[in-house]
Amino acid sequence: MKEFTHIDEDGAVRMVDVTDKAATDRRAVAEGRIVMNRDTFERITDTRVKKGNVLETARIAGVMAAKRTSEVIPMCHPLFITGARVDFYPEPENHAFRIEAEVRVKGETGVEMEALHAVSVAALTIYDMCKAYDKGMTIEGIRLMAKSGGKSGVYQREGA
Amino acid sequence: MKEFTHIDEDGAVRMVDVTDKAATDRRAVAEGRIVMNRDTFERITDTRVKKGNVLETARIAGVMAAKRTSEVIPMCHPLFITGARVDFYPEPENHAFRIEAEVRVKGETGVEMEALHAVSVAALTIYDMCKAYDKGMTIEGIRLMAKSGGKSGVYQREGA
Amino acid sequence: MKEFTHIDEDGAVRMVDVTDKAATDRRAVAEGRIVMNRDTFERITDTRVKKGNVLETARIAGVMAAKRTSEVIPMCHPLFITGARVDFYPEPENHAFRIEAEVRVKGETGVEMEALHAVSVAALTIYDMCKAYDKGMTIEGIRLMAKSGGKSGVYQREGA
Amino acid sequence: MKEFTHIDEDGAVRMVDVTDKAATDRRAVAEGRIVMNRDTFERITDTRVKKGNVLETARIAGVMAAKRTSEVIPMCHPLFITGARVDFYPEPENHAFRIEAEVRVKGETGVEMEALHAVSVAALTIYDMCKAYDKGMTIEGIRLMAKSGGKSGVYQREGA
Amino acid sequence: MKEFTHIDEDGAVRMVDVTDKAATDRRAVAEGRIVMNRDTFERITDTRVKKGNVLETARIAGVMAAKRTSEVIPMCHPLFITGARVDFYPEPENHAFRIEAEVRVKGETGVEMEALHAVSVAALTIYDMCKAYDKGMTIEGIRLMAKSGGKSGVYQREGA
Amino acid sequence: MKEFTHIDEDGAVRMVDVTDKAATDRRAVAEGRIVMNRDTFERITDTRVKKGNVLETARIAGVMAAKRTSEVIPMCHPLFITGARVDFYPEPENHAFRIEAEVRVKGETGVEMEALHAVSVAALTIYDMCKAYDKGMTIEGIRLMAKSGGKSGVYQREGA
């Protein structure tokens, strides 16, 4: 039966040994949403049109976070990511922004944590910059959408 | 009309000047959930009873993340947090763990970002440690529950 | 005769002991310039009008760097900065941007290093984002413009 | 009976809440030794007389590490240290250097971890710079020598 | 005559140039001990059986430290470590825990500093979590036990 | 027409995708100057002869900064640098030190940002250590001198 890979047979946490895995091109896409009240949504949207500051700051924060994922997630391997992007898709009907991050690497392990971390920090940055206006914002549905490269092959979320 | 506090009148992003604010005792509580399949939930729960590794690692990651929030969130002020805890509440009916973080500080600004960041990193750590088993896990409902201290007074999420 | 404050009487480097200094409101302003060819200058300026990306990224990088100054400069004291801004002033006649950073703190030591570090990182970020276009860009005149707070009183650069 | 202060009554790790403690002047002194073969000892000593590089690099690494202790030690509170020094005392009879670090702060918690961390990183830096010559070097006796400030009062190691 | 590899012919500190070295599989094992009074030893041991918190926190801190070694040790090369584990062996006769760390990498330089750093931070974390109970704990015998990979071949400590 | 490589066609900032670039040996050399009053220059020079502290600290700070460039510059790729040196050349006629940094890597992207960052932090460290003596010091002419490796080939600054 399959076991948690970060816990050894005596139950101790460890960083999985990937020394013998091949370095291959890997890619992961993750998404999440931040939901807010209408007024805050419109302010960000208007700002985006005019100045882009809230979303641009969140985008930069997300990319920078992707690079530092292994410092924050205890058993995550350090990686040289070779590419990262964070994009925002406004959803006016529910006053939300969908956040999507894609990360690429040539390495021994996947980059799903980097993509999920980028989404998470981009969402928190939007919260931080708008919290004086709407403390009730909620971050929803942070999840892996797709993954390729490595022995486990291609993963595509069902229905996505 | 109230403006985004992190954007100045010319639209430039800035770190809000809090030099003239009083240092007071501040506290924030945030929560989130990570939802998984039944099998993964049971494995973590069993592990918690026996060894506690997945949740214990996530707890430590959350506390450490709270301390480094201002490095990650671009316009967030550096703070000496004076206390932090991260707790997990299993929700067997939906195969989820509710994650709650509380952070305290004596300072010029609130600690809601620190509490939200701790929840977010604890959830990502659970994802990382169980992803070999369930890539479909989703992080839901990261939000501020309560906040006290400072000029804006007490915030309590409605219905919470 | 006055001695270097970061070197003790035996010649060893040390972090100056400021335990007995009073925490006062302190402020520092620094500036620098990045000079480039005309074409690159116009591209950034046009971009600023339309999207603001190069300068906005540099601004965010500068503010984030101000917060981490004590990690980078060996004998610099850690500080909670209470405010930071980075601004850009185009100088079309010499295809340059003047970069100005202001940092504030309530603390035992000044924030001139934080302001100088913010200017320096903002300039390097502009270089990074435009280097595919103009490798010859030069960073000039990084210097302290003004400083207030603390026992040494107000400093104002002559002619500034 | 006294309990571990970093573990709550349910056994969960937490960052101790020091919000209600007074900020007082605190000081800690720690020491350790790095023992090596005679030849390596003489090379460092000669170098110290002439250029000071190995010990000077170790001194700087120790001071910088003191500032970042709370990033490395999971439940350690962030602190603004107000002073730090690292010194080396050659012990020719056993081919060793005694390393002593002193750290000061005005804060709610002590700085013993900062002083111990500074000693530890200074010793590791000496190892790193001399390992091509002597892989057998050993770090011994890292311990707290003295501590003052705070409710628990003055601590002085017996026999020290 | 062999020279310190981190100091050039003029005596200046430098990061050794390893660009021309081959990337090979490398492994290092280091150990150390933390010695305490009997009561503290028993508390940790009992805790380990029941909850594992002190040692589990130290284990996680050690693995995380291994990843960040090059930030802390000035002339140490950055590396993607591909595996890391930290284990504890109680020694009831002298109220101590032996700490062992193993680190692996595919790279141009060895990982002895990463293994030594992991041991050192694991020991400091035990100190931090138990210091309210026993300030006199001492960290002893941090040393390299074995090393393989790279041109210098296999190292095995004599008598180990 | 050539575009900024860090901005996509919709104007969003991104980390350039270098997954498909070959890893080659790359090298960059950058320089800068810090200009001060005669008295400060002579103090540093005398110190250099006797103890080397100011310049030695700046050298170490520059090398350490080179390693952390991708944390500071938002769209800069993480890299394992394989070698770094920082050197100082006194210019008595204008009371200045020329600072030169060379960085090497085997990787998909160049190391010009690492070399420029090393120069910049070395200069700021000199400022920090001498600022009690001369607040008017100015950092001038931070620029890339030479670059090799990668598809864009060799770059040599004209007149250099």
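When the chains are written out, they are named A, B, C, D, E and F in that same order, and each has its own residue count from 1.
Assume contacts are C-beta pairs under 8 Å (C-beta built on N, C-alpha and C of every residue); 3 or more make two chains touch, one makes a residue touch a chain.
All figures in this text were calculated on a predicted structure; none of them were measured in a lab.
Between chain B and chain C, the least number of touching-chain steps is 1. Shared contacts of chain D and chain F, meaning chains that touch the two of them, come down to C, E. The angle of the rotation superposing chain C on chain E, based on CA atoms and rounded to the nearest 5, is 180 degrees.
Among the other chains, C has the CA centre that is most remote from the centre of chain E. In terms of C-beta pairs in contact, C-D outnumbers the other of C-D and B-E. For this pair, chain A with chain B, the centres built from the Cα atoms lie 16 Å apart. If you average the Cα atoms of chain B and of chain F, the two centres end up 37 Å apart.
For this pair, chain A with chain C, the centres built from the Cα atoms lie 31 Å apart.
Residue positions of chain D touching 2 or more other chains: 12-13, 51, 53, 56-57, 60-61, 64, 68, 74-75, 79-80.
Contact between chains, as defined at the top, is found for A-B, A-C, A-E, A-F, B-C, B-D, B-E, C-D, C-F, D-E, D-F, E-F. By the touch rule above, chain B contacts chain A in their complex via residues 2, 4-7, 11-13, 32, 43, 47, 50-51, 53-54, 57, 60-61, 64-65, 68, 72-76, 112-113, 116-117, 120-121, 123-125, 127-133, 135-144, 147, 155, 157-158. Within the complex, the chain D residues that touch chain F are 51-53, 56-57, 60-61, 64. Interface residues of chain B facing chain D in the complex, by the touch rule stated above, are 25, 56, 59-60, 63-64, 66-68, 79-87, 104-106. Across the complex, chain E is touched by residues 8, 12-19, 21, 70-71, 74-75, 77-80, 107-108 of chain A.
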